[in-house]
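You will see chain A twice below: alongside chain B first, and alongside chain C after that.
Coming up: the complex of A and B.
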């Protein structure tokens, strides 16, 4: 598809087959999205400056008290930094595990096996986080297979429960977000022109040298977009810290859920949401800048 | 000089390839194991959720009766939510493919962004909105929230379908005097039908699997399956959770396989 804006004349001739219904058709999605997405989003920003009323309601106040509270609180600042740290560790782990895996799958000659491996990777992609976290809860509980195997190998002194813990949370997050990293990297590795690697090889470079000097630099875009995707998704996790962690493992999203669902303080929940949204937006902007040039259009 | 330099280069290459293969298998095992565990746990004869299971039985399948309400609620939410998402995403895709609008980019953004937002924020956003307009605890709140959250799937899939479509068929119909409505019904829709159904299925499956938005908008009165699983994990921890999970895994897997097939292989 052409990315250039057609001129007015072209658009009338080529696109507007039925100019009279042009605005009629678009009115339905535009109205629904304006009323039920844009308006609620703006309202969220406005309500973050409101006052809380007992019982889960709020009233207009136009105060920045909620923001002062957030940035003045060691607890919330600490959770913010914790959330960024967990997301960073998850992203780095997914990259380190995901790159060799994506590279291996992409280098397979058989299309059937590539499909089989990819199917395994995406098999759990859309399954609710709750069931996937639950699976790890079972696997890591005291009488289960992981602690038992770990203790017989001498990694653990005795088969104790490994959940809830920081480690359980990170394992769960890597498990949940690895598919996003692998799929992004796989697409990027498959796009590399084989003849470039061929050229490197025929000039006498060993596979590892070819990888370092040809494949890796050419897949930088995939690395950046995969990492960004995993990082941004990791920042929003709610279910995994609740099931695989204790309060010390709770992320900002859990605090948002608690403020709104348990404390009934919607304006403050809205404030933390806006802060988290700004962080997500800032990261996407950095990624956008890093990807640069013509790759921008493709994300 | 490292040890590797002393080794025959061909041996070294084969060794690298071997290590890669073993590494890939270990990671794939890590990816597969949790689902295998859930499936196995559904057939345990024991009282507890421990892997490996104590014995084989179907006793926990009988306990599914206490989940029927949650299953019904999940479906009652997911079907209209997926229908709305598909009509909104589909008409947005069609309009943007066929016409130029001054607000075209804004519309495309509004139809793409919701799925990229942290779900908890989407939940808080809709909760705030529905409290502000004075409606809460209604199942339609949840249906609307899910439909907006999931609109990006049908929007993107149908946009792809329309972009790949050869417009000369429609022009032929139009030249032969067909009205726009008739052209869409008899030419355009059949040509992108697979994408429309795939978009619907994606939205349907993801709505079934969504937890946090549902929890925030249910007003603590409507239990969907993920909500009931979450509650059960805290209070009972019975193997019946594995049974309902198994059911969910099957529905999700079948639904997405069909959707992926219809959309022509999303990842290859």
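Coming up: the complex of A and C.
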């Protein structure tokens, strides 16, 4: 008759600790997001509206002067366009070089060889950017392999230094970001069922037609995410332009670094960061839209 | 005239794994032939060799009297239905069916007509503009079939096309597939591990085991006259007793199988002292609870006395798993529950000598 009354232990577990535990568990990701992502971003936005004081200081204010300066400056807008251009060229090159590579690896029958190839590609990530950038600086310098070979093949009249230059920067960036593209594409290509390609072949489509009609559309997701990833990473390069380029090859990230580190103008550095962030956001939005479009089409 | 010819096809993979060992087969125009066997027996490899996805290590593959050993699949004029249907997920039903015509460069009006015709054939005219994932399993199956036959291929190849469907749907589709195959009169080769599917759908079946063809024949022949103990066991259910022929007289062979002694009228290919398998079907045993003559040798039949270990009611028949007095286990089947024996009841099974086949081991 009293069986329906909860015992003391049950009432504590069901009514007291458990609900709180639930909130605790749910609030953990929210807390991490707020503390480590939202809060710093808000601080950055706030600082970007502050007023700079000579000598590396700033004081609270609510001014859009920094933004006005950015959008009024040919230098900074030019750098923004340059940064987008470098990132765009890097992304396109990574895609063109990376797709056949990823396709080849994905189509290998032997799992062992697939792993070996992927490991080689991933292993280049074990070295820091800086080492790899310096390696390219050496490779492209006047008495080094690349110019020497190029001149003996008649591509260059004489072995001249190819670094620092726009080309050197792009080569270095493609080298650094290619693994991200290949890994993203690889996953996407592996997901395409072999039997779809076989079905296409059995219906009379040649390998190239099959690729155009089946493989390529079905890996659109990988192409978009790989490109977004490389593009966004490229927009933030800081080390590579400094090692493989001269000031004309400096990207926005280098200018942000200079504003903060050399000029001591933290609010303006924050402003450029925010603008760059908005551009990244806009690009991600376009990417999401493209991906969403594909998902809608497949439903 | 669309014939498929296989002559001495052998397929070896690196590491000396032989998937198919020198098999030969001629599939006639409009014929429906099924390759049936357990998984790993080489049936899919054989089909993929005909499709062109695999090249044989040795042998001759011919379609329409042309050697096609090294011809790529897209130039073979085949239609293929895959186990998982392999419909293009990013294309509509109409685009899927029209794909084979589109890559052959047909104009869109002609493709449209053919697509509609195919949708009528598989009785799904309203699914034209749907995406594959909006279709049920059975509908996807039909669309996959429509897509395969739309370009009017010489040969239709079916790789376990019904394996992923549930039992009810599978049986419906067996009938459907056969209907469409007859209507189009298309040379068809089906691969399945399901012996019932093989028996019900085909003009001829090929039983495969371990890379070899064990038997080729009409379904009735293969079922009632299995060539090997493997075929007997794989196609339908069989009781198999191994033993030695101890006497042959008056067209009646006596086989000593441990404690059990079998009588068989199948004496043509056996000699005294041969090691043989005595094979008989569960439905050929007559079941009785009353004990008649303890020894049935008088009328040339074999009698097993035993107890019912398991009784299974499958709706259309009753299956008795009987432990015999000789220490063997025998399966017997009755259409109607005349015997009405329960588990642990004593039971007597009787097998006429004409229903007991002797196969060389």
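What we mean here is this: the second predicted complex is superposed on the first by the 253 of 299 C-alpha atoms of A that agree within 3 Å, B and C clash if a C-alpha of one lies under 4 Å from a C-alpha of the other, contacts with A are read in each partner's own complex, and residues count from 1 in each chain.
Note that a contact is a pair of C-beta atoms (placed from the backbone, for glycine too) under 8 Å apart; a residue touches a chain by one contact, two chains touch by 3 or more.
Please read these numbers as outputs of a predicted model, since none were measured by experiment.
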Which superposed partner A:200 touches (first chain B, second chain C, both, neither)
second
For A:38, is the partner it touches chain B (first), chain C (second), both, or none of the two (neither)? first
Touching A:150, do we find chain B (first), chain C (second), both, or neither?
neither
So in the superposed three-chain picture, is A:208 touching just chain B, just chain C, both, or none of them (first/second/both/neither)?
first
Notebook entry, point to check: Once the shared chain is lined up, is A:132 touching chain B (first), chain C (second), both, or neither of them?
Noted result: first
Original post:
Touch check for A:217: first (chain B), second (chain C), both, or neither?
Top reply: second
Practice task
Based on the superposed arrangement, let me know which partner A:61 touches: chain B (first), chain C (second), both, or neither?
Solution key: neither
For A:290, using the defined touch cut-off, is the partner it touches chain B, chain C, both, or neither? Pick first, second, both or neither.
neither
Larger residue footprint on chain A, choosing between chain B and chain C, goes to B
Dual-contact residues of chain A (chain B, chain C) 206-207
Residue set of chain A touching chain B in the complex reads 1, 5-6, 11, 15-18, 21-22, 25-26, 28-30, 32-34, 36-41, 43-44, 47, 56-58, 97, 100-101, 103-105, 111, 114-115, 117-118, 120-124, 126-132, 134-139, 141, 143-145, 175, 178-179, 183, 186-187, 206-208, 232, 235-236, 238-239, 242-243, 253, 256-257, 260-261, 266, 269-270, 273, 276-277, 280
So, in the complex, the side of chain A touching chain C is made of residues 193, 195-196, 198-207, 209-210, 213-214, 217-218, 294, 297-299
Within their complex, chain B touches chain A through residues 9, 12-13, 16, 20-21, 23-24, 27-28, 30-35, 37-38, 41, 48-52, 84, 87-89, 91-92, 94-96, 98-101, 103, 107, 110-111, 114, 116-121, 123-129, 131-132, 144, 148, 151, 163, 170-171, 174, 180, 202, 205-206, 208-212, 215-216, 226, 229-230, 233, 241-242, 245, 248-249, 252-253, 256, 267-268
Chain A partner, complex, touching residues on chain C are 51-53, 72-75, 77-80, 82-84, 86-90, 99-100, 103-104, 131, 133-134, 147-148, 151, 157
